[in-house]
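Think of it as A, B, C, D, E and F in the order they're written, each chain with its own count starting at 1.
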Amino acid sequence: MQNQKLAKQLMKKSKTARYERFGHLLSLSALLLIMAIVLGIIVFVATKGLSTFFNDHISFKDFFTGTLWNPGTKTPSGHQAVGALPMIVGSFLVTILAAVVSTPFAIGTAVYMTEISPKRGAKILQPVTELLVGIPSVVYGFIGLSVVVPFVRNTFGGSGFGILSGTFVLFVMILPTIVSMTVDSLKSVPKYYRQASLALGATKWQTIWKVVLRAATPGILTAVVFGMARAFGEALAVQMVIGNAALMPHNLVSPASTLTSVLTAGMGNTVMGSLQNDALWSLALVLLVMSLFFNLLVHFIGRKGAFKK
Amino acid sequence: MSDPIITADNLDLYYGDFQALHGIHLDFEPHQISALIGPSGCGKSTFLRCLNRMNDMIDGVTITGMVKFHDQNIYSPQTNLVDLRKEIGMVFQQPNPFPFSVYDNITYGLRIAGVRDKQKLDEIVERSLKQAAVWDEVKDNLYDNALSFSGGQQQRICIARVLAVSPSVILMDEPTSALDPISSAKIENTLLELKKEYTIIIVTHNLQQASRISDKTAFFMEGRVVEYDDTSKMFVNPDNKQTEDYVSGRFG
Amino acid sequence: MNRSQKQSRIAIAALRGIAGFVVLILAFLIGYIFITGLPNVSWHFLTTPAKAFTSGGGIGIQLFNSFYLLVLAMLISLPIALGASIYLNEYAKDNWFTGMIRTAIEILSSLPSVVVGLFGFLLFVVQFNYGFSIISGALTLTIFNLPLLTRNIEETLSGVSDDQRQGGLGLGLSKYETIIHIVVPAALPGIISGIILCSGRVFGEAAALIYTAGQSAPALNFGDWNPFNIDSPLSPLRPAETLAVHIWKINSEGIMPDLTKVSSGSAAVLVLAILIFNFSARYIGRKVFEKMTSI
Amino acid sequence: MRKRTVIKWITALVVVLAGIGAYSVRSKTATNQQSITAVGSTALQPLVEAASEEYSAEHSGIFINVQGGGSGTGLSQIESGAVQMGNSDLFAEEKAGINPKGLVDHKIAVVGVAPIVNDRVGIHNLTTRQLIAIFTGKITNWHQLGGKNLPITLINRSQGSGTRVTFEEYGLKGHESAVAQEQDSSGTVRQIVSSTPGAISYVSFGYVNQTVQPISLDGVAPTEKNVMDNKWKIWSYEHIYTRGEPKGLTKQFLNYLKNRHIQTTLFNKLGYISVKDMHYQRTWQGKISKGSGES
Amino acid sequence: MGKVFDEEIVTLKADFMKLGALVSEAIANAGQAFIDHDVAAAKTIITNDHEINHLQIHIEKRSFEMIALYQPVTGDLREVVGILKAVTDLERAGDHARNIARETVQIKGEPRISEVETIIATMARGVSEQYDDSMDSYGTADQAKAKETARTYDQKMDDLYNDIAAPSYQAMAKDPDIVNSAIIYLNVAKDLGRISDYSTNICEWTVYLATGKIIELN
Amino acid sequence: MQKLDQQSDRFIYEFNPEETPITMQTKDLEIYYGKSLAMHNADIQFEKNTITALIGPSGSGKSTFLRSLNRMNDDVATVNGQILYQGVNINQPGIDVYEVRRRIGMVFQRPNPFAKSIYDNITFALQRRGVHSKKVLDEVVEKTLKQAAVWDQVKDSLNKSALSLSGGQAQRVCIARALAVKPDVLLLDEPASALDPVSTAQLEQTLRQLKKDYTIIIVTHNMQQAARLSDYTVFFNMGEAIEYNKTRKVFTRPKMKLTDDYVSGNFG
């Protein structure tokens, strides 16, 4: 009798259970919404990008190996002038160079902020890096145009426009992203690793180099991926300083172009559905695939090179 | 009775304005296990960390007085911190192997000291793991991540890591508080073996542990040493009422 | 002093040097923006509408638009990002599917904002017929913002100790209640810095807005706060050029005589605005946290 | 705790209501023609924007949104009927992918395009052949033309931009420019030319100022008068397209734009040439005939 | 250690003191019964000895459990160990009291030597006092009193034993009929002597209880 | 009333339900993590108003067992068999786990106060269940904090953040928090392992007081704690309950050799 009453009470769905169902569904729908957006964009970019090949019958070979970009016209050799190679190379170069240059600086700064002078780091460097994230890329572009390009021209020769200038501008632009994420991952390295290392007679530098950085490697790699992602997607600033010429880059100071810069510049001047427009979407698709590739690559390196925390 | 290996003399320590240690005077004899006990916040861990200057890392800490290691004041400006910490090793509360392989963990201290000879490293790895009584459990997995072992094994790996740099004193800060009784017992047995070659100073919350393994026990309270004597005396017939209350669990 | 100690000193000095260099770069950037910009900033500049081809225009409406759009975008994206990150961190099992979602989100964050802008343009402006409007801009910014914000919040949530969750569950509370009332408040400081970082990006974003919120800032009637009137500042359907878009526009197609002044002044105001926003968000966050932790 | 839940619900409610409200208001204003939108050419944008400002000032409650986006966007939007006016630098017939049927052309203004060089080049006049040689990459240093020993830096507008199409067609006589760096806005082009020694590019007259050096071609200076007389060949129409004959507000606004008063005051200030002032007209195939061609 | 240990130690000590009282009673009564030739009282004592044994076993078991469960140290340890050790002495003292009671039954009908019995009576009273003083000192952990008790009685009781032994042997040599009685006298004196020894032991445990030192008091 | 299962070398004490009120009972319990069997052979009965200690080496399944008693394992493990709470099987579909967890409260290894005031920590769950009367909440706060023997230390700082408390106080506030929802049974998972001896002693004192009103089941790896605190002890090894008996027996005369080895420290 008593038991049955209790059983009844326990079997009744409580308000809490309804809450849980509600919350679960709510958060699931938020995720599904994001998924829908992501999928939507990916499908959108993919259909648009692939129609260059399937609707406009451009061959993959022309697209990926051609070096002349003027969609709608033909190259002297009679192929469609949709050679995206210069942009692909430009994007690769500028992204990798920017990442290569800014990673040591970012790590150095992050190490300074967490290991050497945490107080000053938190007081000065952190707000400043957060501030930099918000400066519009146009402003970066103009500072690049009025400071970096003349500097490169006077120091390295050439017109000043080119991958080198793009690298410098991107270096500053992705620095805050990498720094703040590296700081997060350094902070998540338990304090006792540092103590253990110091107690074994390691110097501060040895501790940082051999323990802290090694333990934080996966996090740092993620930071670099995000920095590269930002470099990949950056358009306005790069476009202003890289010269934006669809030429194969011969050196670091000759005008070149990136996928995004061509994409951004061309979008408004083409008509939806035309070959010119589709070709631009193909560039976006390439961008998407390339960032997927980088993502997987770095995750792979991260998994191989580091241990589980 | 041999000469003390470490002596703390009139040691005061301040965190900013707060005085955490008051005129500590303690001698530690070689080849003994000395236990530091006392309620939370009594300064026992703080004191332990003074012995290899691990408190130097903390902002706002002021230390006065002397800690002599073989008649040399470790707080003199000439002291080489790195060398000091190689002589006076430390094991921490939480098993804290680096997230590397066991082998890399053990050889860490040697490598940073510049030892590159593979054969020598191998020898030392085997020797110190054996000393720490964990060789049999890890010898087949030397290249596995140290974090994949159990807590007790991790702690013994940490001990081996300290042994690898051949210190003469090992400081231990509650080395078994995160472990289950079986692992604790293994560590305790390890320590009893180690004291033949090393001097061990251990902070512990576990009074039974202090009574089981230590030769001498110091009871700390509010930054002062209340009583320091042979463990057998401390646990049967201490001089001080506070000590008696504490070790018999009637405290607070 | 042995070799490794010397090495350590040198390395640490080098690190200081690197940090110093970075600070120099940053200081130069901010100094450059302020020195060229601040002299052009006046109360008049901050409050008057822009002028297309004569000098003496201000950025009043653009400034208001920027904040309004930011607030709107955050209002929309925060619940979604929060929900999604809660699902990812608390409910989703750790399998390939979740991994795929995470990767997809990371990829989304590397898409050029112009692509997101065009997507928003086709979807909101054309398909939903919202036109060039604040609501289109805010929704597009939401898309642009979601990946980073979701990832940031998820990271912060995963930093909250499991003990807290168990504490809630052990009291017979649902997982959801535990998350909303215990885990999220505990993660609040981190969530707030995430919001600040994302806000900075949103604030400075131009490309995604050009095709959605539009590039014109029609005069507003600041006496009319009925959001259903088209010239009300609150109307979600009016086109709204933001400060960042304004800077972009006048630099690319502007023909007013005092172009450089307006442009550099706007940049300085933008940076200042972000600065103020950062500090106030931090302050509010701290207050909210204090309020939640001790009533 | 309870209070926060309430706040959350209110926020959610507000967002939903705002969405619904926005949609309904949108459809209402669209049918009432209280607001119309013009999209497209960035070159025409400042003009239409300025005119719309004046128009709105004269007619309260009227809202004319003017957006950029480029000629391609303008044409494709008007083609799909998403907006009321599509601004373009080009004839719809010239644009690939556009079906000009059903689109009504309103030629609003004429814009002259002038080659500009960096003022350190030291050259003020070129022949058309020299210009073609420069832009096709046959001449690579200014000293070959009697100027300073400076390498020539070509700066193009983006492919498909109206200014570029006009320049290549009438300035380069149909020759295509060599691949060189491209910028998608006149402001940036001017900025780069002014700061890069040896740079040459082209902008519409409105953008020529003291920071760059305009070039005379075959002894003809790039002036408005020369354009009116077709002595300066590099010019084009600025078009506003409507879908079918304009009605209501669109019609009123177009008339307002074509109004003598606007064409004389506003146009001059912005560097556009009134169609009424032209002594020659041109078809989309490039045929020149006498007469202003004003419809 | 918490309240539970404290409660248990109070109970344990109470049991111990109760046992002490039972033994004390047995000693006093045994001496009295012997002197009074009171067989009935003696038989009661013999019966009651079971109770003493039971209580002793109970106390020992409790002590073992307390050591196993609480692992006492310092004062607590001395308390439990003291009781654990002293309880044996008590029980043995009780056994000797029972022996005396048995002798009381045995000697029934045998010839007597009144001067010896007078000394036995003195010794019995002395031993009883010594025992009581020892238990008092234990109960209050009064090591001074314990030492004092040991000093006061130990030699005295040895002397009294000799005072009994000498006339008993003499009597045996003189008169074979008295042999049984004399042996019984000797046994009783020996029992009393042993009780005195156990009392001294208790005094020693008192000193241990108070100081943790193990000493010999005789 | 006792059974010595010779075949499996286990000794499990059994109550006579006629005489002894049993709050909880497990029958034929099998707990799987994925495919691996983490716990079986644990038919245990828990008597009302007693403290039962679960001891055993790491990985012996004692915590797993404890957590399945209020279904805290639902997300990570598969639990087969019956868990009877006052005769009702709470391990069956349709049971509302939240109601189960309210009645069978839990306190964890590390003190885990929420980042709220002490007052809110205790009243939080009640407020979530719709209790908003200030008077009722005040009463609950005072009552539970007194039960948890921490009232005197915190009564003047109820509005301060619970994060500012010392470990021992925080753990007792956590107990008060668990008591606030009026549970019947209190499960504690190594509640003192993060505390110093003084706080531990106070905590044990609190638990002894609480035993009058609750049925307490505690996992501990401190054998002394089990010995001095509990009435019954279950010894787990390799996912099995090896011995279940009165604590005094387990620590002085265990029936199983394995138990003997473990409690005397000769194990492993």
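The criterion applied here is as follows: contacts are C-beta pairs under 8 Å (C-beta built on N, C-alpha and C of every residue); 3 or more make two chains touch, one makes a residue touch a chain.
A quick note: this is a predicted structure, and the numbers were derived from the prediction, not measured.
Asks: Which chains are shared contacts of chain A and chain C?
Replies: Of all the chains present, those in contact with both chain A and chain C are B, D, F.
Asks: Of the chain pairs E-F and A-B, which one is connected by the greater count of C-beta contacts?
Replies: Most contacts of the two pairs: A-B.
Asks: By CA centroid distance, what chain is farthest from chain E?
Replies: If we average the C-alpha coordinates per chain, D ends up farthest from chain E.
Asks: Just how far, in Å, is the C-alpha centre of chain D from the one of chain B?
Replies: 78
Asks: Quick check: how many Å separate the C-alpha centres of chain B and chain F?
Replies: One centre to the other, that is 34 Å.
Asks: Between chain D and chain F, tell me the centre distance in angstrom, where each centre is the average of that chain's C-alpha atoms.
Replies: Their C-alpha centroids are separated by 77 Å.
Asks: Any idea how many Å lie between the Cα centroids of chain A and chain F?
Replies: Centres of chain A and chain F (C-alpha means) sit 49 Å apart.
Asks: Please set out, as single numbers or ranges, the residues of chain A touching at least two other chains.
Replies: 16-17, 20, 142, 203, 206, 264, 267
Asks: Two or more other chains touching the same residue: where does that happen in chain E?
Replies: 1-2, 5, 71
Asks: Please list all residues of chain F that touch 2 or more other chains.
Replies: Residues 98-100, 124, 128, 201, 224 of chain F each touch two or more of the other chains.
Asks: So in the complex, which bits of chain C are touching chain A?
Replies: 4-5, 7-9, 11-12, 14-16, 18-19, 21-23, 25-27, 29-30, 32-33, 79-84, 86-88, 90-92, 101, 103-116, 118-119, 122-123, 143, 146-147, 150, 155, 159, 172-177, 179-180, 193, 196-197, 199-201, 203-207, 244, 247-248, 251, 263, 267, 270-271, 274-275, 278
Asks: Using the touch rule from the top, collect the residues of chain D that touch chain A in their complex.
Replies: For this pair, the touching residues of chain D are 42, 68-73, 75-76, 79, 95-98, 151, 153, 158-162, 176, 179-184, 188, 191-192, 195-196, 198-199.
Asks: Applying the document's contact rule, which stretches of chain A touch chain C when the two form their complex?
Replies: It comes out as residues 16-17, 19-20, 22-24, 26-31, 33-35, 37-42, 44-45, 104-105, 108-109, 111-113, 116-117, 124-125, 127-139, 142-143, 147, 172, 175, 179-180, 184, 188, 203-206, 208-209, 225-226, 228-230, 232-236, 259-260, 263-264, 267, 284, 287-288, 291-292, 295-296, 299.
Asks: What part of chain D is in contact with chain C in the complex they form?
Replies: Those residues of chain D that touch chain C are 1, 11-12, 15, 18-19, 21-23, 25-27, 29-30, 34-35, 37, 39, 42-43, 45-46, 49-50, 52-53, 56, 61, 63-69, 73, 77, 80, 82, 184-188, 191, 206-207, 269-271.
Asks: Residue numbers of chain B touching chain A in their complex, please.
Replies: 52, 54, 57, 82-86, 89-90, 92, 94, 96, 98-100, 108-109, 111-113, 145, 147, 158, 161-162, 165
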